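This is the structure I have questions about; it appears just below.
Here the chain labels run A, B, C and D in written order, and each chain numbers its own residues starting at 1.
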Amino acid sequence: MFIIESPIVEKKILQDNVFLLKMHSPEIASVIKPAQFLNIRVSSESYPLLRRPFSVCDVEGEHIYLLFNIFGEGTRILAGKSSGDLIDILGPLGNGFNLNDDYETAVIVAGGLGSAPFPFVTRELNDNKEIISFIGGRTSKDVITYGMKNVFTASDDGSSGFKGSVVELLNSKIEELQKKNIKVFGCGPTPMLKALKEFCVKHNIVCEVSAECAMACGFGICQGCPIESTNNSEKYLLVCNDGPVFNVRDVVI
Amino acid sequence: MSKVDLSVKIGDLFLRNPIMLASGTVGYGSEISEFTDLNTIGGIVTKSLSLKPRKGNPPQRIAETPAGMLNAIGLANVGVEEFIKSKIPFLKKFDVPLICNIAASSVEEYVECTKILTSEETIKAFEINVSCPNVKEGGLQFGNDVKAVGKVTEKVRVATSKPIIIKLSPNVSYISEFAEVVKKEGGDAVSAINTLVGTTFDINTRKPKIFNINGGLSGPAIKPIALAKVLEISRKVDIPVIGTGGIMNWKDVIEFMIVGSSAVQIGTLNFIDPTAPGKIVKELVDYCLQKGITKISDLTSSYLIDE
Amino acid sequence: MSKVDLSVKIGDLFLRNPIMLASGTVGYGSEISEFTDLNTIGGIVTKSLSLKPRKGNPPQRIAETPAGMLNAIGLANVGVEEFIKSKIPFLKKFDVPLICNIAASSVEEYVECTKILTSEETIKAFEINVSCPNVKEGGLQFGNDVKAVGKVTEKVRVATSKPIIIKLSPNVSYISEFAEVVKKEGGDAVSAINTLVGTTFDINTRKPKIFNINGGLSGPAIKPIALAKVLEISRKVDIPVIGTGGIMNWKDVIEFMIVGSSAVQIGTLNFIDPTAPGKIVKELVDYCLQKGITKISDLTSSYLIDE
Amino acid sequence: MFIIESPIVEKKILQDNVFLLKMHSPEIASVIKPAQFLNIRVSSESYPLLRRPFSVCDVEGEHIYLLFNIFGEGTRILAGKSSGDLIDILGPLGNGFNLNDDYETAVIVAGGLGSAPFPFVTRELNDNKEIISFIGGRTSKDVITYGMKNVFTASDDGSSGFKGSVVELLNSKIEELQKKNIKVFGCGPTPMLKALKEFCVKHNIVCEVSAECAMACGFGICQGCPIESTNNSEKYLLVCNDGPVFNVRDVVI
């Protein structure tokens, strides 16, 4: 865990309002794990004041990638940066997915910007495990399949792939999936994660999700990011330190 | 030996420099120690401790505002026992004054916490948080009631011989009245300020962004208010003041000392740049060398006001 | 006819829309009329007027702070007589409710100002500024003393039959107590909030940046505090609230209405973008159309709070 | 008086820490007078919150120029802008110099950034009047003679021209000057303007100065910019509306 300034070496617009930043950051690249995140200071001024958390999207040698969309002021400022600009990074933070357990097929389930951590997951799993990716969004514009393999898409309006939610899509494939030894990795908006949890509990599937919530520090000193634990009602878990990845059965979503 | 004497005294509490880490913004020290060498800072104040562990408020606990942030953590903490068992051993490894911040729901609880903790040698002083929105007596918040603050000070004074710092609420008309009563009841110093009551709503859902509805406002937005409160106290009451509120850099530290602070606390900044406290200490040395200041404590209340 | 009803009522004061211009941030209307068509806004509040002209404080009167500014203008104003003679004729040309803001050093002066001005037909309501740091009675600031605020309200109530708005100080623990007494003594509405007491010092000269030492903090920095004060009043007292403090755009207006404001005032923003009030009115229409809101007054106190 | 966004067409670094911005602003260019000023919003965010006042430095056809140095946050942000960026301008503001009175020789006296309004003054006076320019600064780095004519310089350390203050330099030329029908135009830090006032009063010379002070609005609505009048002790003048140019005899400096 350290603070470092890394230069942008490339900025791409992947699709409507989806940006990909490539940064030269050997320090982060050499230690970060899939679904760990970085807390980024987008401005050296007090506006915006707090850092913004982003998953590391991918790692390539000494380079790391971020994938994001313009949501509010912070991401707007980030999207305005260009090659050569330095990005103030605090990281790596959080725990990351457990990719090496005993399963054969990794089932990726992502909604909207929840796709962000999966290019790195895909790269790391490559060759070791089979991968099936279910990617959803409101419309085709919000379906982000960058860096993924074996992709099935879903959209609320049917403009990309299956018409409906990504969990409904998953559900439509349940028979096929149940034939395999799978583990689900999920990331996306809370309602999606809720549906995913229900689905996995119902079908008795192992599932880890990367949770999202408001954060100030990102490393455990502000207590700003509680998530209710299913195992201990006396104490919240912290998304930044105990997560962002949780076994769905361990947290109340 | 450095040519600049950065040390400050707050009553009987001796700090090697005026930079303290504020309660609730560094947990119990372990995470921040990865960024700032605790041996180089003036003092560390724990997250508010209560007699029993507290779970704190449900999410969402924080929200950003212009040049500030709101928090309603709800005093989530491990409780005094667990603190002694699992947190003090870590903090013992450092040569840094440990100040225990205590929050309670009654005068008795303040006293009991203090009694339990005072025998811990590592603890060098107590900061009594009377300014937390969750602590009420007779419907009134402790911190907004001069009599209640006097009573807490009086009773805690009896419970320990270690220095007592009372952390004052800014949500009052005349903060110096509170500093006055603290002095009268034997308190050694005051911290000013805790957060200001604020809120923010989501215009789409029409719900408060923070579960608790109100939160405490901190960060640079409140700096002018904090400075005015410190100045008010330092002009009216002869008691050491620890200045807190919106410090972002060494210049802010100097400004707080000029208006009357003997030491300062860094809060929200720790979330943004946890290396800042260590850096600021170094920058203070540079500043003093450049200005020919040999004792930094000379800056305290060095304001020039024409009258 | 527009499909959205933007009009709001504050007691007997009818405004075509909730956007008012705050006292002290638009002078007497002439300069800002070059940027915003006064006929399109809800109401204009004059710079605080006193019985006699006041010169105001020497420079420096203002200083910038993080997301805010401090001012200590010292109530510089032309006085009621000159106002009637030279400022009202200009304002008469517009079809916009004129609210006269009055500041005074004694209850008698408040009453006298009100009596003189109440016969001016153009004046549609009074805003009584009890929250200015320069106005003291017995050493206490008027605005921080519930009894004094009650007395001013009572006496001014007798002096005019026009709507009376009392502009409250945020530098108190429980602002709703003040709103309560205003209601009891016959005030029609309250404005919340005036500026917060703050200061800032030049670290090189060690002098206050502002001649008056303390100034009033305004701008986005104070928005969360202002919202909390408005919410406190609207949850405890049944009196119309005019929300003020840090409004920078139409979203802030909606947020202020949701927490309980019947109308809002735009202050510091006028200095930065004097075309903003007019633009915001248009943006409110767009917002309402998009959300299917037919009466904007339905937004007032439309907060959803789980309890 | 209006609010307008004008694009930067050129940015130059004139000398150490002195920047010149050229903007395409036909609306301002066609109406502005020497020593009038513009109140500029350097950021669309609330940081910094207030506009920053700058004299118009020069006008060339549809283009206007600003001359400034990096002083604090606002000027730092301004200096970071580049060609194509839009500048949010409120102006023209204030009164400007009276250049057309009955005198033959315009004596320009500037200290540091006080040079800013004089290229425009020089351009306007060209041919009609003789010009002598006295330009001072702490060191040669602070002496800005851009766009001036017939220049004599002064510096505290003697690194440029006369060693001493610009008013001392002026004083050293008093005999020559008294032979002419002159009017002094001054701009610079307050201590310099104070000395200039004394000098002009003593030698009975007509003098106008452009004053500086903290401002919020720049057009008369905040009352934030008072300056003491010598004619009416009951009322302050406003630097933004009644000035920034004053006859030195009318104000207490």
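Basically, contacts are C-beta pairs under 8 Å (C-beta built on N, C-alpha and C of every residue); 3 or more make two chains touch, one makes a residue touch a chain.
Given the structure is predicted, the values throughout are model-derived calculations rather than measurements.
K.L.:
Report the chain whose mean Cα position is at the greatest distance from that of subunit D.
P.N.:
A
K.L.:
Roughly how far is subunit A from subunit C, centre to centre by C-alpha average, rounded to an integer in Å?
P.N.:
Distance between chain centres: 46 Å.
K.L.:
Centre to centre, by mean C-alpha position, how many angstrom separate subunit C and subunit D?
P.N.:
36
K.L.:
Between subunit A and subunit D, what's the gap in Å when you average each chain's C-alpha atoms?
P.N.:
54
K.L.:
Which positions in subunit D are in touch with at least two other chains?
P.N.:
In subunit D, residues 46-47 touch at least two other chains, as defined above.
K.L.:
Could you tell me which residues belong to subunit C and also touch two or more other chains?
P.N.:
Expected reply: 66-68, 219-220, 248.
K.L.:
What's the contact topology between the chains, one of line, ring, star, complete, other?
P.N.:
complete
K.L.:
Mind listing the subunit A positions that touch subunit D in their complex?
P.N.:
45-47, 73
K.L.:
In the complex formed with subunit C, which residues of subunit D make contact?
P.N.:
Residue positions touching the partner: 1-3, 41, 46-51, 90, 213-217, 219-228, 234-236.
K.L.:
Please give the residue numbers of subunit C that touch subunit A in the complex, ascending.
P.N.:
Interface residues on the subunit C side: 66-67.
K.L.:
Looking at the complex, which residues from subunit C come into contact with subunit D?
P.N.:
24-27, 31-32, 34-35, 47, 53, 55-64, 66-69, 71, 73, 76, 219-220, 248, 268, 270-275
K.L.:
Provide the residue numbers of subunit C that touch subunit B in the complex, in ascending order.
P.N.:
Subunit C residues touching subunit B: 65-68, 70, 141, 144, 171-174, 196-201, 203, 205-208, 213-215, 217, 219-225, 227-228, 231, 246, 248, 251, 254-255, 258-259, 302-306.
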